[in-house]
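Next come two complexes built around chain A: one with chain B, the other with chain C.
Here is the complex of A and B:
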């Protein structure tokens, strides 16, 4: 499926405006979420995340790098996303297109701004040597909402990752050496919501058909606090919204936050227990 | 010391544990996972579908296009995403291995795309990739004369072994390691692909090919069994 017909689009938009969806979900309801941490023994951490039929693989690798000049005492973060032609007939080989770049940027921003990773603890020698955390995202089956799935995958991969052993004498990483050290993380666990709009309605976790029918999206990441705080946000596509509508969109995600965040954490934590 | 015992305790003609699964990418017309121990490959097939750009179309036959790629976290030292020389060569090798088995002439002006991704590598990734791709093509219902089955045969010191692991590939004592990746057509038992890195006499190579064919027959049985077990899985699409 590459395009959605005008007929399907108008049926979706009629449904959504009545608060209904093709798969009988509520507007704020996610598809079934599953997380599997057995991605690659060669990765420091990794996760296969499924949201309904959407599947994303996220791996974390760590390297030694030079710090950025504006943060000489902090570790580096790099996030890339590749939309594999394997995952949908609409993707082709070639340099990353905007959609892939945007997913990488949004996951990067959500994680960076939340201060979920304690970058100061990833400094080895100020101004010279720091740890770089590299998160690579691959789409495996695109059935809509790759971003939220990728974000959950990044959290799961980071939470379950083990740092490799750095041999200071040889100035080299020994990836084969056993290591139990975890990536230093804080309590500011971010979680992403892609809020889509059709007519006057907002909804979460779009299927691929809904995504193609969507007029635009508001993407935001929350961090735990009381009340919950927003740490990154971006409006996508040319849709315009009134301030009332905008508030309504935020409210939809905010109301969903508690239950979704606890579901995601529960699933990640129970998978981490299985690893031991 | 001579290589008299395999590093992981296998018999010389024994492969690592093989797992195969059909239908791992619902969007694709056919897909499969194939693994030799810690080497895991997934393959997805799209097509036959119309080929763009149009000038590439051939009114006499279809085109098979393979793309092999190792995911960044499949090995210890992260690989930069995107194509490189190695993946470009393996993609072509895979294409050459699979093309003789499929009746591509029946689909003029079309393309069959085979995408292979390696999430976890412990040597023999191209062989796992070809085995997964062969399954995915069958799952997609692309007309095939026979399956393609691939394995790597090693000569570690003086000993021939089936399904080389990374630790064996890196073996340096005695005569060191020779790695011979090969693929056979399942019915005609013809060689569809062979590559060799190392040092070996023609006589030993002949033995290696025999062991390769024997091993591929065992692997083919696993491929056939998993294909027979699917039946209606595609109804779900």
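Here is the complex of A and C:
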């Protein structure tokens, strides 16, 4: 199958070096974001996130597990992503490929390193029993920038999730019992930006055509502070970036941070209110 | 192939454009009984099962006399002799190019079928790996699909951009006797080549024009079930033009 063409690629790079994009967006402009938290009644938390035509479903489940030897008093976090063949003709069933593993790892790292979840409060008995938070990401439609959509989905799902009731006598979770307890979260809410590069221009939120034409990407996750702090960083693809260019990329995301962060938080909070 | 045959073929490919005047048609899914009785014959996309004629594809029913056929709404491109396709070179062999024509079958373009002399030792001079070209399907046999560049306007594509559409919507994009494509062509000032395999090549003077044509084509493909689509597309283009100014 032909995914993209050299002709479209060169048209995109010509256009983007003039500072314009095919869908008339600014270089740092995101597509329409919509969040819906009413995804699953069985899961502890869930979110459907739409970024333009890109759609991702994220679910949060919780269970009791043994802690890892290096963190006996902390809860566990596990993030997995699956790119369903339904979302794009380039994905197949089977064990997760590189793309899927990368999305899972990046979301995991962003949430873990920002210390968004208070893992110490997820400890039940030190060295023996802790809560495990499991985040599952499913792509429903891939129109570019699955990562940022998945990240927002994970945030929304975690924020809205309710912890199941833990029966201390039976030492078991009662999933049926009603519970109002929330996952212990801190104020370090991470926000992820995938910054793509074509020629000398950096831009945010690529569509699928732009993603296929992209020469490389820098992935940054920020936590709120003044000024904002970077909590996770990764470079993708085989591009060369100079220090100046790297600073330019960071500045692009930093400038976008305030407005995007408040937009995402406003949408998540209004959806949480709707749930009640 | 004599001249008469070629003429007939071009006529056929023009008639492949969608006819708007027909009455509303029923949608069927695979396994659904369309009609029953010995009076009918199963056509394309349909099969006889005892008394019934059953759909094999998801699509619209078309009756023509006794024949009942299903016009598919989704699915891959199945190559046919005489189809104009846009392909991408995937490999070079000693006597031609292996190409991807967005179909389950690979297609082969032999040197013999090029309009001018090509040095056998330097095939990449004429077409290189990754490059796109328009061509016509010469034959479809068990061993594979063969392409030819003989004819007007076939060859390597330079500049412009490619738009992907569902191959089953191509007749709609062409319109009845090419009316829809002519409309988009005139309104956007772009040269448009539609491949039956769902690849559309747009080439204009500037990218804005090309983007307008692209939007119009995607709009046509998306709203392909609407009646009086040509007027809707005209309206859409005018609105888009208004927004730009």
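Some observations on this one:
Following the convention adopted for this analysis, the second predicted complex is superposed on the first by the 274 of 276 C-alpha atoms of A that agree within 3 Å, B and C clash if a C-alpha of one lies under 4 Å from a C-alpha of the other, contacts with A are read in each partner's own complex, and residues count from 1 in each chain.
Definition applied: contacts are C-beta pairs under 8 Å (C-beta built on N, C-alpha and C of every residue); 3 or more make two chains touch, one makes a residue touch a chain.
If you're wondering where the values come from, they're calculated on a predicted model, not measured in any experiment.
Taken together in the superposed arrangement on chain A, chain B and chain C clash.
When the two complexes are overlaid on their common chain A, residue A:63 makes contact with chain B while staying clear of chain C.
When chain A is checked against chain B and against chain C, the one touching more of its residues turns out to be B. When the shared chain is aligned, no partner comes close enough to touch A:98: not chain B, not chain C. Contacts of A:6 after superposition: chain C is touched, whereas chain B is not reached.
Of the two partner chains placed by the overlay, only chain C lies in contact with A:15; chain B stays clear of it. Of all the stretches 55-63, 127-135 or 145-153 given for chain C, the clashing one with respect to chain B is 55-63. Where the contact sets of chain A with chain B and with chain C meet, they give residues 1. On chain C, the positions that touch chain A within their shared complex are 88, 100, 102, 130-132, 157-162, 164, 199, 201, 207, 210-211. Put simply, chain B touches chain A in their complex at residues 24-28, 38, 40, 42-44, 46, 49, 67, 69, 71-78, 81-83, 113, 115-117, 119-121. Those residues of chain A that touch chain B in the shared complex are 1, 39-44, 46, 53, 55, 57, 59-61, 63, 80, 82, 84-89, 93, 95, 134, 136, 138, 140-143, 175-176. Taken in their complex, chain A has these residues touching chain C: 1-2, 4-8, 11, 14-15, 22.
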